[in-house]
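Below: one structure in structure tokens.
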Amino acid sequence: MCKIQKDKFLSEEQVVNKMNEELKKLYKTVILKNNNEPFAFEKREEAEVVLEAYNQICGDRFRLFFEIENDKIVNLSFHGFGCAISKASTSILVKHLEGKSLIETKDILKSFLNVINPEGIKEENIEEDFQAFEAAKDFPGRSKCATLSWDALKEYLEEK
Amino acid sequence: MCKIQKDKFLSEEQVVNKMNEELKKLYKTVILKNNNEPFAFEKREEAEVVLEAYNQICGDRFRLFFEIENDKIVNLSFHGFGCAISKASTSILVKHLEGKSLIETKDILKSFLNVINPEGIKEENIEEDFQAFEAAKDFPGRSKCATLSWDALKEYLEEK
Amino acid sequence: MIDPVNIRGEFPIFINNPDLIYFDNAATTQKPAMVIDGIKDYYENHNSNIHRGIYDLAASTTKKYEVVRQKVADFIGAPNEQSIVYTTGTTAGINLVASSFLSHQLQAGDEILISAMEHHANLIPWQMLCEAKGAILKVIPINQDGTIEKPLYKALLSPKTKMVALVHVSNSLGTINPIAEMIEIAHDHGIPVLIDGAQSVAHYEIDVKALDVDFFVFSGHKIFGPTGVGILYGKEEHLKKMHPINFGGDMIKNVTFKKTSFLDGPQKFEAGTTNIAGIIGLGYAIDYLNQFDKKEIQKYLKHLRTYAVNKMLEINGLRIIGSINNGNNSTDQAGSIISFVMDGIHPHDIATILGVEKIAVRAGNHCTQPLMDFLELPGTTRASFTIYNTPFEIDKMIDALKGIQQFFN
Amino acid sequence: MIDPVNIRGEFPIFINNPDLIYFDNAATTQKPAMVIDGIKDYYENHNSNIHRGIYDLAASTTKKYEVVRQKVADFIGAPNEQSIVYTTGTTAGINLVASSFLSHQLQAGDEILISAMEHHANLIPWQMLCEAKGAILKVIPINQDGTIEKPLYKALLSPKTKMVALVHVSNSLGTINPIAEMIEIAHDHGIPVLIDGAQSVAHYEIDVKALDVDFFVFSGHKIFGPTGVGILYGKEEHLKKMHPINFGGDMIKNVTFKKTSFLDGPQKFEAGTTNIAGIIGLGYAIDYLNQFDKKEIQKYLKHLRTYAVNKMLEINGLRIIGSINNGNNSTDQAGSIISFVMDGIHPHDIATILGVEKIAVRAGNHCTQPLMDFLELPGTTRASFTIYNTPFEIDKMIDALKGIQQFFN
């Protein structure tokens, strides 16, 4: 490559820094925190609904436990194992959907999935918790991790 | 290609002529003649030995008819269909082996097959009829045609 | 407009061999630079195993790989990519349908119906299945002009018929079968149909949805793509019911030593590491073909065929096998394949001599031995054309054929 | 002497990505220019369908194609090329043996013996066959250090055992199984043995004749060759008895609508147009490998492994899965594959972060889910080395792993 062209690009050091930026973006504190201290992480086999979210490609497997009362999702908790991203995204799901009506839930699902969708249009006023997962778009191997439990819940509600 | 190099090679015209030479070599009068007027081309179902030479790849199929009397191959004839090369080579076989002893036959078989074998060492005093098939070496798709009946007879005599 | 000279320039083999006249396209086509370079680029910049890979290369390769599935679906009008199974070729696709779709349903006394002009690939799998199950293989006869005997087709369908398997364009005769009509008739009897599209997809618009065909198979290497890859299209309802016949990695949901469950999609038929480079190459081949209007291709090939047939019929003792032979000069039932014989000259001798003149044609039974038996021929010489062939090349072949005749007389 | 820097220079992907650290060689290796250019050359200068072709291209391609068979035979010490079947990969080879060799002999109550560390490819075909036949799949347990429990192997062999199928080098743990000894023991009981050599042929000298193994399978793409091609070696006496399971062109002697007879040689298993370019590419890969002394390769890889293991064991909370973990620092039972876990960090997160640093490793169950279940792990991160890897690259990985640990705590 000739000099002029090269100047247009980032230096190697900048590239490495950018990489680290990407990484930090991906694993932002939101994710690490929710991975280490997940929200409502408990089994509740007796729950009315026990929903499995399973990624056959990597073996990640979570279960969501909840009831639907007066058209609202209540007593939401989860359990299982998976990578930091799938675990944190499930934790965030639980945190944001507890006590929400089914109509609200639909909007929230849409809003979250839109953040990860590479073709999604950037909306305004997105929850900070959700934005943390935006970087998953840049990791095609990992976007499924971010949406695993969300997709499962969406499918469940659509089929209901 | 630069000029000097090119001069080392044949001109296109020369190549074409050489091609035609190869062709003529392959289909030399011996082959065309034996194809059109094959030697002892007749069925003899009642023969003591009826030997099939079949090329599964192209479907050429000839039968050799003969008796072995006093260790000699007698009443040799053939029938069937195939390309000019396989037909002519079978005709030549019949012409050269009629009345020969089994020991002589072995030598003749060897001598013929050696002419077509790409790794065969050029012998002296080869029958002119045999030399006609030498060009089959240059046509890897066709050498089997030249040896079809010869191979079949060789195998038969070895297993006997 | 098809511009063969320009097209030739896109094929490295013709750049490297300007005088090569390649008329063996029914056996395999040559490959455009786009496909060859695409494969090279894959190995030089993207090579990695797909699925479960997380690093950049693996993720982008997986994506590239799955994008081809959608591309194939669009190419043949499939409703979606879930109905597209990657195979290793036409042969593998037909065998999969025989073993995995039909095998479990077929009872002793049932019938499978094929035509007399099937390639061995669309004959032997059914024959073996019939042998194993005590079922009966029935064969639709053809007319002397190489077309299906349509009245007999209808007559041969029965409540016992469990499958109809037909070639779209015959690789030996060039006959174009009226598959839309034939599929409809079979469906009227509730019988599923497999179409062998090995010779048709490169040149004809295929719309599996409009055809309502149950299975459609073809090979990459005959449509300007690489060897070792092919496609089985199957209606999703059929694919769902079919069990895999090859087992290994990348096709399972869950495995223990006791029990295994399989993926739902087409991946369940794709055990192990597939021909990743080949599949990506097939994607490029489809991109290549998509540049052309299929109608234009057909127009051009019809022109080539008519040109060749007219000149060939001038040669005494040369006989074209199939529809054109009947003095029927319409080429609507005949594709870009011409099979012929010459009095007193064996097809192999013709092919050898043409070969020396750098004209590549094929001689033999073309993997349709029973058809040759029916026609009482030991074989034919076959010239098959595609978009890079020219009338000038045909002239060369005609001259060579005349030369051969002189040579042998 | 292995000179990795020089070797890297022979691989275009490293020239194009000088900072790529490729530690996913157990999934698939990169390809040297020799192989890539060989495939390109095939398509640009020689492309044609093999067998029955008479013109120059076809005849020379057929020859090129069959020469590879002899090359493969020499490469693994097979008595001759008639015992070499071209397949599409390890998975296809094992499935062929299961369907065509064992299926006809296996009775209800019979047993097939595999090990607990088999790849799904050497597990599910046998499991499915057992399910179909009412036979029993038995599993040789492994020790905590990832080695076969040899006393149990002997104990599990019985007069009912009809097949032993073993991996040579485990793709998950790197364990090298004592196959020579195990084959001998099985043969003492008159039981045939299949060896899955997917992970071993690239680095270890294989002599199927000395091993007296009945079947040996591997994939081209794991030995620097192209995707979509593999080899099944089988003793000729076995191959002769086996029926083909795929039917089509290029495998038959004679066909009528009533009856078909097959070729005798390995070709009977190779119906249809095979992956010609892939097979020719495999020939180049073997040429490439033949430049090296396998002993030198092993020495170098042992060096790399020891180097990596020693550094990895210094990382707190990092655990290597398999023999090395037991404080057993000899690498004689361990190949160039290192599987590891880190406390509190999921393998996928490790692989993603390494991926960002351009270090390609694999995370997951490595198609050995039952083994992971046995080890009570959801998966591992796996680094697998070959001749183009360097200690410097290992240093980079170690640094990155330390960074990951900091990041997560």
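Things to note:
Order of writing sets the labels: A, B, C and D. Residues in every chain begin at 1.
Assume contacts are C-beta pairs under 8 Å (C-beta built on N, C-alpha and C of every residue); 3 or more make two chains touch, one makes a residue touch a chain.
As the structure is a prediction and not an experimental result, all values here were calculated from the model.
Here A-C and A-D are compared, and the pair linked by more C-beta contacts is A-D.
The greatest centre-to-centre gap from subunit C, using C-alpha centroids, is found for A.
Centre-to-centre separation between subunit B and subunit D, using Cα means, comes to 46 Å. Centroids of subunit A and subunit D (each the mean of its C-alpha atoms) stand 36 Å apart. With centres defined as mean CA coordinates, subunit B is found 76 Å away from subunit A.
Multi-chain contact residues of subunit B (touching two or more other chains): 57-58, 139, 141-142.
Multi-chain contact residues of subunit D, defined as those touching 2 or more other chains: 52-55, 58, 252, 254, 348, 352, 355, 363-364, 369. Chain contact summary for the complex, subunit C toward subunit D: residues 12-13, 16-17, 20, 24, 27-28, 30-31, 35-36, 39-40, 43-45, 47-49, 52-58, 88-92, 94-95, 99, 116, 119-121, 123-125, 127-128, 137, 139, 219, 221, 226-229, 245-250, 252, 254-257, 260, 271-278, 348, 351-352, 354-355, 358-364, 367, 369-370, 373. Across the complex, subunit A is touched by residues 345-349, 352-353, 355-357, 363-365, 369, 372, 378-379, 407-408 of subunit D.
Those residues of subunit B that touch subunit C in the shared complex are 19-20, 22-23, 26-27, 32, 57-60, 81-85, 87, 139, 141-142, 145.
For subunit A in complex with subunit C, the residues that touch the partner chain are 56-58, 139-142.
Residue ranges of subunit D in contact with subunit B, taken from their complex: 51-55, 58-60, 62-63, 252-254, 263.
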